[in-house]
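First, the structure itself, so that you have it in front of you.
Read from first to last, the chains carry the letters A, B, C and D; within each, the first residue is number 1.
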């Protein structure tokens, strides 16, 4: 049942596509139909570069259904260089080595599986900058 | 203001009700409230419930609750505002009364989580956060609280173990409450050794989800002098959902505004209030709530709790029946449960949990990690 | 009575919105309504939605809808009363206005069914019936309607194919409506050959579930003369859930009482009303609704439809944009969609669907096979 | 997740246990905490005999999830001899031969499976009286 949902989210998930308001130039992630700053409805797609800095980090050991296979993993808030803060998992780093203030950049990874036979959803995670 | 009278109260225990369905829990609590309000029949039934949809339980729940209670030809609505559902149900009932559409309204909060496995319940709860960008990326309320907790520790330069005192306050009060789920004092050692959910957040930082229901019968303010507890202030405010805003700002603007508005309606300041029932869905949320309501300055909630400030007998008694943390987190029932507990305090019927001379209570219920706040002031 | 003014209307098409999430649909319809009501900012957002919980979609939906619309620091509630959710959301908004708690309220009804497979949606819908004794034993709304339809045919001694005329009325009107899902006339031959869902109930007897949203901005009655459409009557009644009662009695007592109360508030009789938007979730429910509202005597709804009595230009124009049956069954959005359609008729903005000289509209929304009824009268 | 639910329902499902009001003697199915006739809370369990008469019948060809394996089946409303009307499937009868007014009696059958690997739920169906 989540195939339509995943399909709808693929631009945001795979290319960090959000929106830029043509009126007030606000940048927002993910895509919006209305500008959160000025309320306008004239928005263009905007792909974020993917660079950012961690604001907070937590090492998850008990995960909600759909994510249990990945524990332990580092959950983080990443402030993108363009401004918006994104909640995402970190990758290519030992969870206990992750900390606030790390430079990270977006990569594409497997995010979750919806049920044992559900579709596998790919999307953004963030890895330390310069990691292989 | 005098918005309504509370003329009947019913509560189930918070815990594992294997023999009760979601509808049964509504009937048990609702029936007890109706029995207390004997002689009056409500013409509307409002039910607050958070997870019944996601967990595949009875829908149009208020209809079925009303029908099983023998209430026919009544107005029924089911309100689903995540963990704020119970507070919202009270709020909708107040609007129906204040609009003159009804004289008596039965409000029920109910939740049934133990039919599902814990990882499924956590995933269901996560749908109250951003279902796509947060739940869909592995963030539930516990992970969200963990991210904010880490920031709180860094920003306010506090010791992580200081959060213990918020949990300990709730447990100390729950130990006195026969209807509580975790009805025992929490030793500091146990808190420190608690298994990690999402470092720095441990099992003991979270409130245990369980089953439970509570109900109140609300009446339009009577002209005659009455000993009924009054609802003297009410405010519901939603703003700025998202873990990011919560963790970056370390504040609960919706809770602040909602508390200020409800207090102002009641003509009270926080320092005048006898009892505080807050939404301590985690120690982190408890800390931010204590600060939002004005019981401690930003970053000082843990110190305040450590000094015993929130204890029964302390400066600002809070979570007096154990809060979500130890009475048990009954999700959509929480808001109604809190109202019932506040009213028992003001009636002087709180038993071993009684706050001496309680004259007013502030009751605040939060959804979506505080983005939705509903506050009531009882007097 | 003059309960509120409708000062803004927004609608999406009913259909398959592959590119839109549930929240997107709220924003699309809500934004259009806000644009129409330009210059006024609502301070509360009420959302009606039926299946979002069971289908695992965004919870605390009103919070997220408000936030995505740029409305911060507003009161938000999500109402989940099965297929009556949209009507209930309007009703809760009216209570907030009449209580003096707000001056402007945005009401949104929204539903997103096409993310799930049809058998899953039917199972989700069934949770609006008795989840244990009906849904748990293989009975959904279609099976329930089938059991009642069989009784209707036997009891009233009518030809099964006479139900065609209710479906045909809806299709004839949908054919004129660019926002309708099944926007074509229904030939009698197609109806007769329609695949059986539950004998005697066929695919063409059911309303097609689809995605869609509608929104209205409601305002407290203005003191000044205004051309805005007024809500002149409102009533919500729940009683007697269950397929058994429906099929045995072949009546909708909640719908009867709710319609009578709303009409009485408006100072109107059914015969005075220009437009009827009814809850034709199936041809059977359409027949019982027509009779409950008083447009035809018991057992005579099919004859009345066959005579063209419900057509635009007929005696009692009903389902004027195609009803649930052909505009599309948008579940929790239906009630708000109906209000929007009724208001367009009274504004004279119904385009090719216009009922000439329309002065009043009765809008009725039903949940749990008619056990919950919400009726509004517009004038 | 439905194991607790099924367990809770087993008396009703397997033995048609409802409630009898000790105040007004009303009989109701399934069990209730409050009497639907008088509102009283003093109720005793009451097992219905299982005999009844069909009030209405419909042959289901498109079933909700969980029941697809059983189509076509006859869904029915059965008025128990003691009064309450129960919604249930018929068994041991060709769906097209089922009709209103048939004498039936309760039997225990497999009702549904909750998911491919969920528990199988047993409960009441009704078969024509005197069928083998």
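Going forward, a contact is a pair of C-beta atoms (placed from the backbone, for glycine too) under 8 Å apart; a residue touches a chain by one contact, two chains touch by 3 or more.
On a predicted model such as this, the values are computed, not experimentally measured, just so you know.
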item	value
Between A-C and A-B, the pair with more C-beta contacts	A-B
Distance from the mean Cα position of chain D to that of chain C, given in whole angstrom	31
Computed distance of Cα centres, chain C from chain A, in Å	38
Overlap residues in chain C, where contacts from two or more other chains coincide	21, 56, 67, 117, 120, 132
Set of chain A residues in contact with two or more other chains	5
Chain contact topology (line, ring, star, complete or other)	other
Chain pairs that touch, as defined at the top of this document	A-B, A-C, B-C, B-D, C-D
Chain B residues touching chain D - in the complex, by the definition given at the top	18-21, 24, 27-28, 31, 55-56, 67-70, 114-117, 120
Partner chain C, residues of chain A touching it in the complex	1-2, 4-5, 7-8, 32-39, 41
Complex contact set, residues of chain B against chain A	117, 119-120, 122-123, 125-126, 132-140, 142-144, 146-151, 154, 195-201, 242-245, 247-248
Chain D residues within the chain C interface of the complex	5, 9, 30, 55-68, 70, 73, 75-77, 85-89, 95-96, 100, 111-112, 121, 123
Chain B-facing residues of chain C, complex	21, 45, 50, 52-54, 56-64, 66-67, 72-82, 84, 88, 91-92, 94-101, 127-128, 130-132, 236-241, 253-254, 257, 367-368, 371-372
